[in-house]
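What follows are several structures.
Here subunit A shows up in two complexes: once beside subunit B, once beside subunit C.
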Partner chain A sequence: MAKLDRLNQGEYILWTGLGFTSFIGFWYLSDALGLVPKQFLPAPHEVVLKFIHLMNEPFSGYTLLAHIASSFQRFLYGFILAVLIGVPLGLLMALSKFANQLITPFFESIRFVAPIAWVPFAALWFGTGIGGPVLVIFMGAFPPVLINTYRGAIHVDKKYLEAAKMLGAGRFRLMTEVLFPAAIPSVIAGLRISAGLGWQSLVGAELIVASSGVGYMMVKGQASIQTDIVMSGMIAIGLIGLIIDILLRQAEKLAVHYKEA
Partner chain B sequence: MVSSARFPSPTETWNAFKIIAIQGYGNGKLYQHVLQSVVLVTLGFLVSSSLGILLGILMGANKKIEAFVNPIFLTLRPIPPLAWIPLAIVWLGLGNSAKIMVIYVAAFVPAVINTFTGVRSIEVPQKEAAAMLGIGRLAYYREVLIPGALPMIFTGLRLSLQASWTTLVAAELVGATLGLGSILNQAAQDINPAMILVGMMSVAISGWLMTQLIAKAERYAMPWRT
Partner chain C sequence: MADIVFESVERSFKQGGKEFLAVGGIDLTVKDKEFVAIVGPSGCGKTTCMRMVAGLEMPSKGRVLVGGKEARGPGPDRAVVFQQFALFPWKTVQENIEFGLESLSMSSEERRQKTARLISLMGLEGYEQAYPHQLSGGMQQRVAIARAYVLEPEVLLMDEPFGALDAQTRVVMQEELVRLARKNPKTVLFITHAVEEAVYLADRVVVMSRRPGLIRDVIEIKPIREKEGWDQYSRIEDVMDLSSFVQLRSQIWKLLREQNLGVDH
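Let's look at the complex of A and B:
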């Protein structure tokens, strides 16, 4: 007999606490029993201590904060570039059949290349400083922006477009004053996806070609078998990814209000 | 306009393709690289996403399991699969086992989340009706929960496959002797743009073919949706 289970708040907290403690507990236990050498699996508190330590003590050239700053700067460049190109292109595709047919096949063939596979060309064309990683982030962040802008803009009620045309709006004003405002909620939903993919591609790019950044720090930690540094890098990447997502989710809420208003 | 040291011409690309297909490049011929990557991804993806679907169904069906697993899940989820690569290398070295580990991580999370969402999106009256009609435990899973969650499960599978493919290519770029990522790595070191392009095209085509297979399986598993 299948019963429909319900949990009251107390039980929920109990089981959640149990889950978290057993996760941490298991981690400590495998450490205490010496199942895994300490070098390969430092205890949770040691990782946290290392994380704090890295804030002040430079590793592979920079402190953790400086690594984060340089990663975040690359991310912003790639992300902003994707928005600046993706949004207008998506609007243009929604407005003009010709542009749509011109861009779609090109776009479709590029979309199937994993962003990370751009790393060799990125390094060859733009070097390993800022340009190379930015191209990789762009390749990750660009498709969702374009697709969501296009989808948002194509669902605009035809009446608005026709009314605007009748009143003598040119193509540019159709794009900026009719299609774009209508597409905003969809665009922002796309931004969230693209920020996630962009951030992830950045990590990949930094693992392979970069001379600073959190990914680079992790590779250096890996090379010298300092698991605590690798794990600190994972924490930093996770936290920043989370913060970016929370910010964009806030923006998404605002956009929904805007649509309803 | 563009020098061939930066971007290859179609002829150069064709020649590079012939070299890798016939003579081999970077420890193997093209089919060996493709086979290496595709087999690793398929095996890792199948095992990991089945486990993920199982956990997702259990979490969706049982609130206690959900409450128990959630904190662990929420802690690990923001870490992108690519960030596990250095850890996998520290733990397991540069061989196949490290790659299988990152594929597991990459494929697991989307499978769990989407299956869970799918099970939760089944409407309560439907569950209540099944319960009222005295459905057995096994039949409840087989006839209510799983079919109801199937569309979301397949969404999850597609995301899983994509994530594991990207992650594997990245892991091979970081260090491998065979596989599509290792072609890219070798070609980058040799500054051979034509070969880089061949590698990228192989990555894209293999990834695309695998997505097509999933779409086929989806149509087969859910004949009621066209």
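Let's look at the complex of A and C:
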């Protein structure tokens, strides 16, 4: 693998800026040349104005921030549920070959089913209640949490397990005080993937089974051919996704304050 | 009574589909409160012997008895000091030392007292809240020894505990261990490939040969040490200069050489 040299700060700003500028430039160019009908592709500044406008003026019942809050709440429920079940289960699988054999075949057969495929059941089981989107997010967020916890835990240096057993630790302490802390870097890597997948699946779920949320707002925008609203939704999704990832990276720094001695 | 008895112990491993004998027929008794060092070249199975006492491995044939009971699994009655320290990097010095006590039933007050005593005994005051990576190799090794000692085990198993230390630190640790062991004797099985270390520390030195691991000879140190009064010297170099020490050292050295065992030290 070719190793890239790090950019200095000037180059960093230059190339990042150039990337964004050319993207916005092409966007304006296609707008000016009339390549796409106005109502199908609004100009960049129109999207920004709409975005700000949506912050104050309700659309489909709520302001943009209220839609975001509603989406974020669902995301949090599904994500936390995935973590609460996925992390202990992953640790258990690493510790017990019986648990591993019990769970793995079943898990392997459902993890390739896209989270969106659960939408029909989400709708049937939960209607437009909060359970539907939470189910879909859970289905997206759960596999990476489980897999990464498990992989992190089975690669824990054997010497720590031997030391803990020698010191009289039982299974519970092995899980909570050895496997879990040792697996944290891998667990957080899993959480980052799972947050991404969960957040993406959420919007998919809201397109169908919700009466609020960013996804719902986008569907309503599409129905009335207000592409600037759809794009504002896309920006909101991107920004929130970015914030979630930054928060998780901070969490990793807080959790892994030690080095291997 | 916590003696260690090897009864015709064999241990074989599978490697690339072939079975090979790592330890082939060991009979040895480490008496209660005796300090026995096993020396031998790398790959002579000395670490395997220790791990079988620890319960981290099981003999393929024969039995290992500790205090009359077969060692079937690891436990705090047979504390191990590992060569690679194996301190938990995510726990502080204090938490590392307390880890074993938390598995035993005792009040948190008692736990704190015992930990504090070991911290002061090993000269770790002021480092209670430090993490292992913030300590030097010698300090880490002291934490590892404290973590084993705090359990007040009847049997202490040490696998080349000073192998990873620099020469000066190693000497200090050896002197400290001698003081600790003479003051508060325990049944100790000490694995090393350093002949001088074995002679300086142990009551008896067991010399092993390679492939399969067998006992070549057992050398009594304690009678000579007591007769020549080694323990009145606090420094290892003074003991090493004594002719009685030199004699024992070359005796063991020759044993290893004569077998053409390729000693790596």
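Going forward, the second predicted complex is superposed on the first by the 230 of 261 C-alpha atoms of A that agree within 3 Å, B and C clash if a C-alpha of one lies under 4 Å from a C-alpha of the other, contacts with A are read in each partner's own complex, and residues count from 1 in each chain.
Quick note on the criterion: a contact is a pair of C-beta atoms (placed from the backbone, for glycine too) under 8 Å apart; a residue touches a chain by one contact, two chains touch by 3 or more.
The shown structure was predicted, so the numbers you read here are calculated from the model rather than taken from an experiment.
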Subunit A residues touched - subunit C or subunit B, whichever exceeds: B
Contacts of A:Ile116 with subunit B and subunit C, given as first, second, both or neither: first
Which superposed partner A:Gly168 touches (first subunit B, second subunit C, both, neither): second
Touched partner set for A:Ala32, first subunit B, second subunit C, both or neither: neither
On subunit A, the residue positions that both subunit B and subunit C contact, one per complex: none
Contacting residues of subunit A [partner subunit C, same complex]: 159-160, 162-170, 173, 177-178, 181-182, 184, 257-261
Residue numbers on subunit C that touch subunit A, as the complex places them: 54, 56, 73-76, 78-80, 82, 84-91, 99-100, 102-104, 131-133, 135, 140, 147, 151
In the complex, subunit B residues that touch subunit A: 6, 62-64, 67-72, 75, 78-87, 89-91, 124, 127-128, 130-131, 134-137, 140, 144, 165-166, 169-170, 173-174, 181, 184-185, 187-188, 191, 193, 196, 199-201, 203-205, 207-208
Parts of subunit A lying in touch with subunit B, wherever the complex brings them together: 1-7, 11-12, 14-16, 18-20, 22-23, 40, 109, 112-121, 123-125, 199-201, 203-204, 207-208, 215, 218-219, 221-222, 225, 227, 230-231, 233-235, 237-239, 241-242, 245
